[in-house]
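Some structures are shown below for you to check.
In what comes next, subunit A is part of two complexes: it sits with subunit B in the first one and with subunit C in the second one.
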Partner chain A sequence: MESSASVLCKSSVSVQCIRKANMKKSLLFPDFTVTRDPDKCIQCEVCVRQCAFDAHSFDKEANKIETDNSKCVSCLRCATMCPTGAITVSEHQQNIKKNKNWTEKQLKELYKQSETGGILLTGMGTDKDYKIIWDHILLDAAQVTNPSIDPLREPMELRTYLGAKPDRIEFRVQSSEFRGQNKKLRTTNYELQTKLPPQLKLETPILFSAMSYGAISLNTMRALARAADECGIFYNTGEGGLPKELYKYGKNTIVQVASGRFGVDSDYLDVAAAVEIKVGQGAKPGIGGHLPGEKVTEEISQTRMIPTGTDALSPAPHHDIYSIEDLSQLIYSIKEATGYKKPLSVKVAAVHNIAAIASGIVRAGADIVAIDGLRGGTGAAPTRIRDNVGIPIELAISAVDSRLREEGIRNRASIIAAGGFRNSADVVKAIALGADAVYIGTAALVAMGCHLCQKCYTGKCNWGIATQDPYLVKRLNPEIAARRLVNLIKAWSHEIKEIMGGMGINAVESLRGNRLRLRGFDLHENELKILDIKPAGESM
Partner chain B sequence: MGCSIAGIIDEKGNRFSGEKIICAIKKMYLRANGLGGGFAGYGIYPENSDDFCFHIIYNDEKSRENTESYLKHDFEIVKEEPIPTRTVKAIVNRPLLFRYFLRVKDEIKKQFYEMTEEDIVMRSVMKINGAQAGAFVISSGKNMGIFKGVGYAADIGKFYKLEEYSGYCWIAHDRFPTNTPGWWGGAHPFGLLNFSIVHNGEISSYGINKRYLEEFGYRLTLHTDSEAILYLFDLLLRKHKLPMSLAHKVLCPPLWSEIEKMPEDERKFYETLRIIYGSALINGPSAIIVSDGKMMFGFTDRLKLRPLVAARNGSKFYLASEECAIQEICPLKKGDVFFPKVGEPAIGKLRNTEQTRNKGTRNGHGKFRFSSV
Partner chain C sequence: MIINSQNLTHKKLNEKIRSAVKSGINRIELKNVNGQRYIASGLKADVNIKIYGTAGNDLGSFMSGPEINVFGNAQDCVANTMDAGKIVVHGSVGDILGYGMRGGKVFIKDDAGYRAGIHIKSYKEMVPVIVIGGSVHDFFAEYMAGGIIILLGLDRNKKIAGNFIGTGMHGGTIYIRGKVETYQLGKEVSTVKFEETDNELIKKYLAEFCSSFNLDYRKIATQKFTKLKALHHRPYGTIYAY
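Moving on to the complex of A and B:
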């Protein structure tokens, strides 16, 4: 999840916009109800200070705290911080007539748009009730004929290398004989001829997904960088450039080159471990980004290399990539600029023709293809795009891995899957379907405190994550956030080892693409066919 | 699966009757359940040692006719005959069993000028076995043959009259199938060209091994995971020109933590090897004997979850799941028997060929050094 915070206020909808729109009376009613237990509330005003949306206020005349339900986004910051646990946030109960077609959500969106004339905006990945294929895939375990392995007793290897691999190893053999004490000894010398293309070495097959400075705060970025360094993995700058103070984490950094080219210069490319060309993201395939000028502070202006206060526009396409051969030129321009010393990744959204697109990207020279699925997150996206464009990552991984193998080019690039990975089982399933590693964005943000209120685009993140407001930014302690991220990666790695051990597998390369250890449950025949897995109950 | 495996090679190339290997495998009958047994013998067809010998099992006459007309298209058939068998009460439902001594036709070599003779043979084997036409080529090497079927190995050996053959290397397998059905084509050994393997174990990485091999044109049609190991050896040894010792390091690579402790050049070599061939790693419990006619190579998985013992006595080198099998056919002295360590293969080699003169340490390891450019 990444990129620019919000689309222009003029063309978008927010509560603020509605208020500005000079309508007599809004037809909207609140999403949430905030209840305050008067017996517990000590009038300390923590909630007032914590809410950047101004849902709570202190009424001096009445000498009590008031709450405006219509402003509540259910980020639960006040409920969490309240020292006496006096606050509860619940869904607003309004007796709108039940209708499966015209739901409350649909009605509210219509009210909003009719009051403002704007595009609906949102943040994070889609919350729509699509079938989650991960939950219909079951994992295998060893029984009797094949002993399961206890990861606490036996080695269990998760190390993963991302980058292009040659078809085969090349070496020269030289044999020499020499006389030992009383017999001839023969020594064979293998001289390695293969020069391995540049690789990213991961201690566990998980990376932090692209989230840009601008969309997220500097403290959030600091936490991601520190955690990546400690875990032996990578974080991704997104398209907002790289603050100078984070250059020291360069060996754990993937820098992005996106359509806006923000913050791209030779230092930026040089300091990184890998470069990623961002073509698209799962939350908004085919859509550009827009960071409003008011968010372009002095620091962001420095990092993005644009004047303070100007809008940061990411065009929908790269205007130097109108075709696959253009992509190839950009790939090789960057490779030339970085001396062929870093893997080059291309990130695309999982769209209908993803297998052919991925094949083209590999043939164009990418070392890594990052694919972001339907559920990919974002700092800001038009709701209609987020909720309706793209395909689920499960199907995309399978289609791409199968296609690259059919063409005999699977070894020429690694696959990173992204888009809504919730837990270690999702990761294991993705790898078994054919991914080399996964990007996690939302899960990492939740680990740091995000409560998925989906208001990232407002810049008012009460958790100090998706905001540039200095008052809010300092709420996120990068030390603590980094510790929480490290714990998350450790916990997932332990779980992956446990699952692999159960399968009788002790190296992640034996899990990768091993679809025979997956079974589909309650999946349509066509889904099974595309996933290339057998239905549950069918044996080898 | 369960299973027992055994192998004997005479390093001087002296040939001996198949009776010995039958005795050895018979001793371990408790490890099998009668759903598959088989043997591979090397040096058994000296009169036709330059021709590819196909052993084929047919479901019926029709499949034989179809397959033979296909063979005639690509090969000159030097000799064809039923594989001699005798009546053994325990062996029932036998398929048709034929062998053919073949030479690749010149015009076919011209047509597929980018392929070696071996590639052409492999293509034919894959085509026949993948056609689902009731015909399976169970061996396709030179001066070697595979004899297998459903039954205890000892009965299968008797059925094929193996005591009448003599060879310098024999490997055998007695099966206790669990994952896959007991059928004639699914018994071990599995063979392609001169390679044959027997395997006691289950491959938990089979799904990816199979998909990796398919990228190189192999078709895995025998409903058993063990087949994958055979093709991996063919790929690594014949196509990628790795020596056996390095192919072994592909299938059972050292741990990353071990690789990190190696001297610079060696570390780089093993790192590169493992990064390139990750999909060829054989995971899961395994004891494997593989032969290419020049050597007999035994190894276990990275955790040694299946047994393997080795012994050297005179010019003979033995491998078996259990020591009793070797004791049965060879009076062993103390010190003859040894147990290959995790990650260390046990190797017996023909001494008269150029590449295999290297004897090295007791278990056949030569000394390696690594360098890089």
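Moving on to the complex of A and C:
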């Protein structure tokens, strides 16, 4: 009789109750399906312990490991750690009627917003299906008319100096004669008279992008710092300050000054090799940052000097920068504070007017312009902003480089390009388009174990990267992660040399802005014009 | 030591200050200051600097330790991201006073412009204090995350503050001598009960403020103070869908 009672009960509930119940019932359905092979599973509960999203649990009564698909974010931590390889994560198959316009993703976002009333948040760079211009640019190689170079046996120069280069240099030439064994000999000494502006010396044209303490864990920062030190390159603190134990990597550290001014004091400015004013970021141009309160632990509260558990608010603008003149003021304020001894970088997002903006930044006194493109990553950004604002870095690099050349000020600042660099070929193309070096963020995180689940904003990163939970943080061994980063930089550097050698180029200096060695394939005429490259098939 | 600042660029002037500090001088007077920016920017020293004239933008930015007295006015961005030390201005200052300030004290005898005390923050014993004798414009104490700001409004002919007081505030305390209307407050703040400990705190800083400017403490202390705190720790915590 139980069943009939329940039927009776249902029929007697008021309309309001049903409405309430309907409101409670989520219309969302899982993104992923987790399958556990019962033949392989040994019930060790590793997956249960590994998942911070609580997708797995052990059901005592049934004596069984259970999985709640709706909680799975496909970070693949469990599948990787399962000792018997029993777990497979696949896309959840739900037959939403196929519709190119109203895709499953669109529907889910609508459900989510109608259930919460909230702004959609996400992490990492945009996953939207925009054309990737890198994949439509082809590199040249030497054949017959000029020799290629074998980088394994011949010297190849990747060393890069970032900073302002003087308009002209003056030498003092001093010749002196002296007697050799049976003839007069002459020596000539050249002495540089011009005082060179401060430079950052990189062994390879790659730097680790700004990722803040708070967004990423201390272990992740340790790994980045160590790897930068070992590779002779730089990592960037982002805007969350610098824990004291990392001061020893100061000579490989770029520190950021952002609108929230977190962790900025004179020690912080003193210890760094360079200072970067963060105006914008590719993943969220035009908006500030909210480090979610979940990630503001005691340690984060200390470096950022805000109460624990509050959201760390970085205002959208720097309220002391409303113009290029104001930017210049902050640049010089920092230069004064650091005795003009460090290069000053200004980081902006690649937006429509980027060429003019970059020109303004250089004229304001920056030594480096860092430009972050449409695909730049983030620890947390509103989905709509991340997926719809900005322009691809490929177009931005050439637009900026061309503009600075036209204005005769290209030497006054170096360009660092950022935003979705996936491999060494992207780096070579960026440099040939006109960048001096590139920032890599996502690629570095992937090297350390990130699986791009895009849930960084939850603070529950199962790979110990984008989290402050001590239990999760210790999953990332900084030694091992640093090793993996060093391997990555090494591998890319070898590949860059290989590609350059093939082109018959033996120094990265000769690759820089060498757009003649690039060809566009399947690109629109306007894109070719902005990139200032020829279509494939057209000769020199 | 006296430095005549006339016709000196900010770079030259700061070089002179720095080399004086390096040689162990701990009292410096800057005469004829005429809008030079970045004075004592990033200076980390125990030194007393007296400025005669008008100090330019970014006075004492990133500074850690010095005590600066300005006998005149100062322009925008005084005490930008200042870490420790003291700045006393015997006049008025421009906009964004104490942006991101992390410690130390700033006393302004007269008025401050827009966004005074924006995003000042604190941690344990590092508690920045700003006392403003006159009035302020809109967005006073915006994004405030910690520290103490006291606003006195001594010139009663003017409205003590503009609108949007404490917009985005999520920490720290604001004390305003007298009353402000509810419409002047940002959405994230509210008036809270005044406690005995508040009295002691105000007394301490008021006494120091008054002695800096030779003001009669008893006259100022007669009026009641309004105390403002952030309504929430996470003013924007609920606008996102997780």
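To be clear about the criterion, the second predicted complex is superposed on the first by the 493 of 540 C-alpha atoms of A that agree within 3 Å, B and C clash if a C-alpha of one lies under 4 Å from a C-alpha of the other, contacts with A are read in each partner's own complex, and residues count from 1 in each chain.
Here is the rule we go by: a contact is a pair of C-beta atoms (placed from the backbone, for glycine too) under 8 Å apart; a residue touches a chain by one contact, two chains touch by 3 or more.
All values derive from a computational prediction rather than experimental measurement.
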* So, does A:M540 touch the first partner subunit B, the second partner subunit C, both, or neither? -> first
* Please work out whether A:Q329 is in contact with subunit B alone, subunit C alone, both, or neither, and reply first, second, both or neither. => second
* Does subunit B (first) or subunit C (second) touch A:Q302, or do both, or does neither? -> second
* Of the two partner chains, subunit B (first) and subunit C (second), which one does A:P205 touch, if any: first, second, both, or neither? -> neither
* Is A:L313 in contact with subunit B, with subunit C, with both, or with neither (first, second, both, neither)? -> second
* To do: Give one of first, second, both or neither to describe whether A:I149 is in contact with subunit B, with subunit C, with both, or with none.
  => first
* To do: Share the list of subunit A residues that count as touching for subunit B in one structure and for subunit C in the other.
  => none
* Structure fact -> subunit C residues touching subunit A in their complex are 10-11, 14, 18, 37-38, 41-42, 44, 57-58, 61-64, 76-77, 80-81, 83, 96, 99-100, 102, 115, 118-119, 121-123, 126, 142-143, 145-146, 168, 170-171, 233-242
* **Residue ranges of subunit B in contact with subunit A within the complex** => 1-2, 178-180, 201-202, 204-208, 210-212, 214-215, 223, 225, 239-240, 242-243, 246, 253, 255-257, 265, 268-269, 271-279, 281, 283-285, 302-303, 305, 357-358, 360, 366-373
* Structure fact -> Within the complex, subunit B is touched by subunit A residues 142, 144-147, 149, 154-155, 157, 159, 161, 165-166, 168-169, 171, 173, 175, 185-194, 196, 199, 405, 408, 410-411, 432, 503-507, 509-517, 539-540
* Residues on subunit A engaged by subunit C in the complex (per definition of touch) -> 112-113, 115-121, 257, 259-262, 264-266, 269, 290, 292-293, 301-302, 304-307, 309-311, 313, 315, 319-320, 329-330, 332-334, 336-340, 382, 457-458
